[in-house]
Structure formats: structure tokens, C-alpha cells
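Structures incoming, each one as C-alpha cells.
Two complexes, one shared chain (chain A), two partners (chain B, chain C).
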Partner chain A sequence: MPVEVRLFATFREGRFKEKQMEFPQASSLADLLEHLQIAETEARILLVNGTAVSAEHKLAPHDVVSIFPPMAGG
Partner chain B sequence: MGLTEKQMERYSRHVMLEQIGSLGQEKLLSSKVLIIGAGGLGSPAGLYLAAAGVGTIGVVDADRVELANLHRQIIHHTDDVGQEKVTSARNKMLAVNPDIAVKTYRQRAKADNIRDIVRDYDFVIDATDNFPAKFLINDACYFEKKPFCHAGVLRFHGQLITVIPGRTACYRCIFHSVPPPGTAPAGSQVGVLSVVPAVIGSLQATEAIKFLLGLGELLTGTLLTYSALTMDFRKVHLNRNPNCPLCGKDPQITQLKDESQVAENNANRKRT
Partner chain C sequence: MSGYCGKILRINLDTGEINKEDLDLELAKKFIGGRGLGTYFLSEQIDPAIEPLDRANKIIFATGPLTGSQAPTASRYMVVTKSPLSGTVASSNSGGFWGAELKHAGYDLIIVEGKSEKPCYIYINDNTVEIRDAENYWGKLVWETTDLLAAEAADPKARILTIGPAGEKMSLLACIMNDKYRAAGRSGVGAVMGSKNLKAIVVRGTGKTEPAKADQTKEILKGIRKEIQENDVTAKGLPTYGTAVLVNVINESGIYPTNNFQRSYFETADLTSGETLAEKYLVKNVACYRCPIACGRRSRLDGIETEGPEYETIWAYGANCGVDDLPAIIRANNWCNEYGLDTISTGATIACAMELYEKGIIKPDEINGPALKFGSAEAIVEWTRKMGAGEGFGAKLANGSYQLGQEYGAPELSMSVKKLEMPAYDPRGVQGHGLQYATSNRGGCHVRGYMIAPEILGIPEKLDRFSLDGKALWVKAFQDLTAVIDSLGLCLFTSFALTADDYKDMFNAIVGEDWTTEALLEAGDRIWNLERIFNLKAGVGPEEDKLPSRLLNDPIPDGPSKGHVHRLPDLLPKYYQERGWTEEGIPAEAKLAQLGIT
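Up next, the complex of A and B:
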């Protein structure tokens, strides 16, 4: 199924900004993170269609997934 | 009350804006903004809000100026190293604009003091550099119903969001709890490009002025991200989280806690 993946800040380094990707049915966000080699502990902000979800969240076709690192600097 | 002749001149470029005018400027002069953190984000925010004529500005910071602060914290000068940050910041803001009042709080924002400080202000700028403080400010502003602008920076990147508590997505709606130690580097450990907090802190000041004057559209329900390397600004729409532990349907957080003490517990708790 097609999923749009948008990466932000440091997650773009060595990866991409946004990409249409294909995942098998019933894939979870954890599968997507593993595929992108992003540690679950680092991806503290996971949004699917603008709503915060956990890594166990199951993906649906045409979901828009946004992944942010936490930023504490000031 | 009306503006004096000198004020008409000082703020003339504001006054000539149809959306501000002399009434808008008077409104700014009677407004109060609290800046928590007099560092990379707080420097431009403090200087611009002072210059813009926000009548009362509070500054909270417990630290002293260090040499390693100076490449980005432009409110502090070389001669200020060793000086209390709140005093250094106050001196520069009053030098820019003696028209305003600057209140200083030389203390760390904590569960037992933050609500009393926040209560006196119309808008709060979170310019802190650590997660426990950011969660504390989010929660305190929620309980005190104070609008605020959150921001964070890291390396070449920054992000900010404005929160109207109880009405728009809060920091916990998207972020839930303090990350466990070691999973989220602070700027002091990984570095930050000097101008990144300047961009983001100026945007926080912009949000404050817009809120005070009721201008335009705020960054509510919207995270604005900035990457200096690609000069890429992006808005990400954020929904309120019905499972938010603070502002959701079944809140678990009903009073303020110092997050540093509870971070470990939260780290072991599953996110919703």
C-alpha cells in the first residue's frame, strides 16, 4: 500500500525529505521506522495524518506519516 | 491615554501600519509578555519585544553568562560573561527601549513557582533549553489558561508552535512526556548554528505581537519547522490528541510536577 513519508530536521540527513513508499498491508509505524533505520526511542514525534500516534499504530493506504526528532535546544 | 510625541516617533513605523495604528501601539505598551530562558531563543525575542514596545517583559533564567553562550545569545556581550543572564538581558532591553519595564526572575522555572510567575502575563514565550522545562511550561500555561509559543532548536533545525490551552493542540498532545535520558540530545551536546535560534526566537516574538494585537493567523494547531541547510520552512498540521495526558478526555495530569523527577517513570510508560 502507498504511504507518504515526511522526515524532519536531523532525520533527513542521509535519508530524504519526503517520499512515496510502499509497505505491505498491516504494516505498523514500527515497521516503517525499522525500514528507515530510525530508532523508536529517537522518533519521539510520530504523526499520522496530523495526529500523534505510537509506533504500534497500523498504517492505512495513503496515510501521511511525519516523523520528528525531539528538540530541546534553546 | 494616548502616545506621547516621542512615542509617536519611536513607534512611527508601527503606527503607520493600518493594522496597528496608535491604538495598537498603546495596546502593546499595556501588554505583558513573559520570556522563560534568556538564551539563544530568548535573546532575539527579548530584544525585539523590547524594541516593539511591549510595555512589560518578564525574563526568567537562573544562569550566568558563559563564553560559550555568546555565538548565539546576542543579548549578552563579551563583557557580560559571569553576569546574571536576567540582569544582562534587562540592561540590553532597557538600552534598546527605556520606555518599557523589565521584570527579572533569577530562578529556574519549577513546579512550585511557575504558575505564580506566568499568572501575571498575557503571553508566554518558552525559550528554554531542556525538556523538563518545556513540559512544565506547557502544563503551567494550561492550568493558568495562558497562551504560549513553544520552540526548540537542534543543529541546523528549529521548530515552533503556538498553543491556546484547551483550544488547540498542546505540547503534550504531540510529545506526551520527557524523553528518557540519552535519546534526545540537547544543543549543548550536539551544537547549533548561531543564527537558527535567532530565526526561531524572532518568530516567537512575532507570534506574541500577533496574539497581543489580534493580527493574522497564529501558529496554533500547526508546527512550523525550519531547516537552515535547505532553507526549508514547512507547516505541519497537528490535531488535538484525545488521549493527551493533560488536555485530553481523560487527563492523568491534574497538577504540576517537576518533570525531571518523573521523567524516568514516563519513559517506562507506553505512549498512547
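Up next, the complex of A and C:
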């Protein structure tokens, strides 16, 4: 199934900013992170279509996934 | 010694009198210092109902007991006065080096009274304190003023605080700049200096403060530094990308106000993100006094090295004005720093003007400048310059979005709370943060209780941002802890790594007390209530605990937070209850008795 993946901050280094990717049905975010070689503990903020979810979240076709390392500011 | 210098410097610009008074240390501890102690003296020494730009207003520069100490980020000082923008208590915070230098000169606070007949500045070199002529500096921009005053001081270690032309002209958006690039930005505090004909304060201090418990302090601070240096946010996220790292996460969450809060998602936000800033314009990181985080950005554009822009600035001029041109944002930021304008309120006021213009309420023939259209990079730069210079229609904009909206019969288009423009988070998608905006004692402000931390960033734990459950208590807890940190003289960014217990340990070791964490947080509660009482006496009551009608009635039209409004009417009664206030939002007698204030 097609999924749009967006990476931010240090996760872009050696990877990409934004990419259309294919994953098997019933894949989870944990599967996606493993594929990208991003440790779950480093992926502090996981958004699917703008909603915060955990790594166990099951992906659906055409989801937009945004992955962030720990960050803050203001 | 105990973290405090034990001295107040009182300067009367009416008479030229300079007095060094003893600070009652028991009183100081009750309100901690900085924001708390400054608010206490302001409340005691002025009638809160006065006109803020009248000579009867006072302006207080207040350090905390940890300012200038060995504690990490011990740079912060607070400007406390009555705000000419909001009519509330103003406490505007800044870092850099000036606050620590004041402490090293031997003063906890400066209280400036009255009004000088002519432009003047205050010169402090340890025990030497003088009121000097500033005719030659009046009208000059911040960077030139800073360089000239440093040259006159003939001491490279002298630290300079100054207003720019915006403060001189008493723009209600005027800030106070120190160390060239750091700002006590909000609430129009620069206009109060301007109203007193006070251009600048130069400080040089050669002393240092000593902690009450030296060995214990050394050990505790070692642990605190380790926590900051090992925390992913303070050791990696902030140093690598600065505060602008937030652009994408706030936008991807659909709470990034766009076109004056008409939308909350900006498709091209990444062009103005911290990642882009680091890639194209960053020269190096810069740090304030004793800061291991170094979130400051030294950036270069057009051959000019500057600092910033920070996240809130990028938003105010960027998405909120529909602009994705980062160089234009850097130029607008520079004009703010040079003229001494608050970047948040200035950008947000231009955004308000753009909506008024596009709705046909402001007419093209009355502005004599670039069309105020969303997306115009030219408009954000040139209108900022005109606002700073008080030129033409820019002079009207320079008094903020609330006055602008009122004048054009559309006050609902001012995205402000208590007349202070809200920063870079749409409350419709973060319920706790919206409650915090509505109840902040200085108006629309994100640094009175940064609920974005738990609601978006998962610090210290992740909360459901759309839920109301427990939010009133969370907001109160964040507001009280923030009041403590502001009053200690530390940077709020430490709270991404530290706990309330850590602040208690530092306070006890440096001040020489044995307080519980609960007692320290109660001091935060005391400070919050003191500010509330000031506002009530100033005529700014619970009726102003509100949000713009757009946020309560118009659902976010698109993006990841589509369909949501802010549910303030459901949250406010719970908040008053958590505060121990009456149903009407007035601090109850029993609460004030518990806190030891009236």
C-alpha cells in the first residue's frame, strides 16, 4: 500500500525529506521505522495524518506519516 | 552570601537621586526574585490604575537569586512594569549577558522612577552609578547605539541594554534589547523606557555571587549540567536547529496559524524551517551566559551577520503573513532588532492588517506603501521598517493589532488576548495551550505555561491535545513552575530536561534554605496570584480571560486539525476551581491567606 513518509531534523541526514513508499497491508509504524533504520526510542513524535500515535499503530493506504526526533523550542 | 546581592538600586529620573537600598532577604525569598519580586515591588509602589506611559509608572529590572551564578543558563532577568499595550502587569524576560553583569555589579534589582527632562542613560560600574546625557544616542538604531555606548564605556566587558527608535516613539510594540540581539520582547516595555527618556543602561560588574552552601551547590550543579547535557532535547534538538526546529512539527500537527489564524496549515512551511535555516544561513550557535544548550543562531544574509530568527518570529512573519521567503523573514527580524520592536506582535499586527486589507476594510489609497497582501515578502520587510520608524501608516500599525482592529471596526480580527498578540500555536488544536493563553496574566503569551510540551512534544509525558481531561490542573501546574523558573533567573528551556525537584535543590543550595518542592511551587502560585491581583486593580478582570471569537466559533477549515474549535467555556470554570478562585475568577480570601498575600 502507498504511504507518504516525511522525515524531519536529524532523521533527514543520509535519508530523505519526503518520499512515497510501499508497505505490505497491515504494516505498523514499527515496521516502517525498522525499514528506515530509525530506533523507536529515537522517534519521539510520530504523527499519522497529523495525529500523534504510537509505533504499534497500523498504517492504512495513503497515510501521511511524519517522524520527528526529540525536540522543543518556543 | 545567599545568591542575592542584598541591594536594590533606586534611580529617580525626576530628581536625579540615586539610592542603594538594602533588600529584605526574607521578603525576597517569599517572592523568590526576578518576576516574582519585581511584581511585588511594582504592586507596592505604584497604583495599578495609572496610565502606563505616565511618569508615575516605574520600570524594574529584576534578577533572580540564581542569575549570574554558576547554575546552567543563569543569564535571565525580567523587566517588570505596567504594560502600555495590555494594561496588565508586564514581565518581559531576556537572556544574554546583561542580567548576570548587573548581578556581578552588586544589584538584585534596579527600580527606575519618574521621567528625565532630556534623553539620558544610566551608567553602572560596580559602586559607580551615574545618570548620563544620551542626546547623541537618541534616534539611533540598536546596533549603532550599542557600539557607541560600548566605546564610551571604554570597557569591552561592559554590557549594554537599550531601546531603539520604536521605544523612543513609544510604540506599544517596543521591546528592550540587550547585548545587541537579545530582547525583553513583549508587552511594550520599551515604550515605558521611552516615556522616561531613558535610552539605555550600561552595566559593568566585577564581583560575583557566592552560594550559601558551596560544597552542596557544586555537587548539585554538576548533576544538573549532566542532566541537561544528556537530554535529547537540550543536548541535540535545540543546539542543532534552534527554536525553529518547531516549524515542521507544529505545522504537521495542523496548529500552525496561517494568514492571521484563518487556517492552521502552511503547505510550504519547510522553506522557513529550522532545518532550512541551518542548511542555508547558519554561521554558528551562540549561547547566553553559562548556557550549555546554545540554541541561539548566528546567521548571515546579504553579508550581514545577525542572530535569529527564532521560531516565533519565523511564524509571525512567515505562515501568519502567508510568506515562505526566509531571507525576507530574516530582514524583517533585523529591522525589529534594530528599531527595537517585538517580533511576535509586529508580525502578527502586519498579518491582521493584511486581513483587513484583503477584506477591503483598509483601503489601498490610505497606506502609501506595499500592498498588504498575504504572501508579500516585500510587505513584511517594508512595513516593519515603517513601523519602527513611525512612518506614515506604519505609525498606526506600531500600536498593535488590537488598536488597529478597533479603529477599523473589526476588533475580532486582532488575534490577541488582553490586547497582546498570540504566538505561534492555534489553540483550537491544543486545548490546554488555549486555556493558558486565555488565563495568562500578561495576555496572549506562550511562555507563561508552555502546554505545547505535553500536548505536542511529549514532555514530560504525552497528553491528548484535543482532550479537556485534567488540562486545568496541568495549566496551573505549568504556570506555577514557570513563575518559579522566571523568578530564579534561569532559562525556561531547562525545564525540558529538569524536574521541579531540580529547581528546589538549586534554590536550597544557593539561597541556603531547606524548602520542599511543594513550598517552591507554592511560591509560584503566590506570584501568579499577585499578578492576578495587580491586573484586577488595574481594571483587567476575569472578563478578559477569553480568546478571539474566531477560535471559539470557526472550526479549523482544513489540515490535520480540521473541524476543531477551542472549548474555553468548558475549561475556564475548572481552571478557576484548581486555582482556588471564586466561580467568577477572583482569588478567594482563603487562598490569599494561604499564600500570605493580600
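What we mean here is this: the second predicted complex is superposed on the first by the 71 of 74 C-alpha atoms of A that agree within 3 Å, B and C clash if a C-alpha of one lies under 4 Å from a C-alpha of the other, contacts with A are read in each partner's own complex, and residues count from 1 in each chain.
One rule holds for everything that comes next: a contact is a pair of C-beta atoms (placed from the backbone, for glycine too) under 8 Å apart; a residue touches a chain by one contact, two chains touch by 3 or more.
Please read all numbers here as calculations on a predicted model, not as lab measurements.
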item: First, second, both or neither for A:52, with chain B first and chain C second; value: both
item: Touching partner for A:68 - first (chain B), second (chain C), both, neither; value: both
item: Which of chain B and chain C A:44 touches, first, second, both or neither; value: both
item: Which superposed partner A:10 touches (first chain B, second chain C, both, neither); value: both
item: Touching partner for A:24 - first (chain B), second (chain C), both, neither; value: neither
item: Common interface positions of chain A, toward chain B and toward chain C; value: 6, 8-10, 12, 17, 42, 44-45, 47, 50-52, 66, 68-74
item: Chain A-facing residues of chain B, complex; value: 37, 39-42, 126-131, 134, 151-155, 157-159, 173-176, 179-180, 183-184, 186-188, 192, 197, 223, 225, 227, 230, 232, 234, 236-239, 241, 270-272
item: Residues on chain A engaged by chain B in the complex (per definition of touch); value: 6, 8-10, 12, 17, 39, 41-42, 44-45, 47, 50-52, 54-55, 66, 68-74
item: Residue ranges of chain C in contact with chain A within the complex; value: 232-233, 236-238, 240-246, 248-249, 252-254, 270, 274-275, 295, 310-312, 446-447, 450, 452-453, 456-459, 462, 465, 492-493, 496, 559-561
item: Chain A to chain C touching residues, read off their complex; value: 6, 8-10, 12, 17, 42, 44-45, 47, 49-52, 66, 68-74
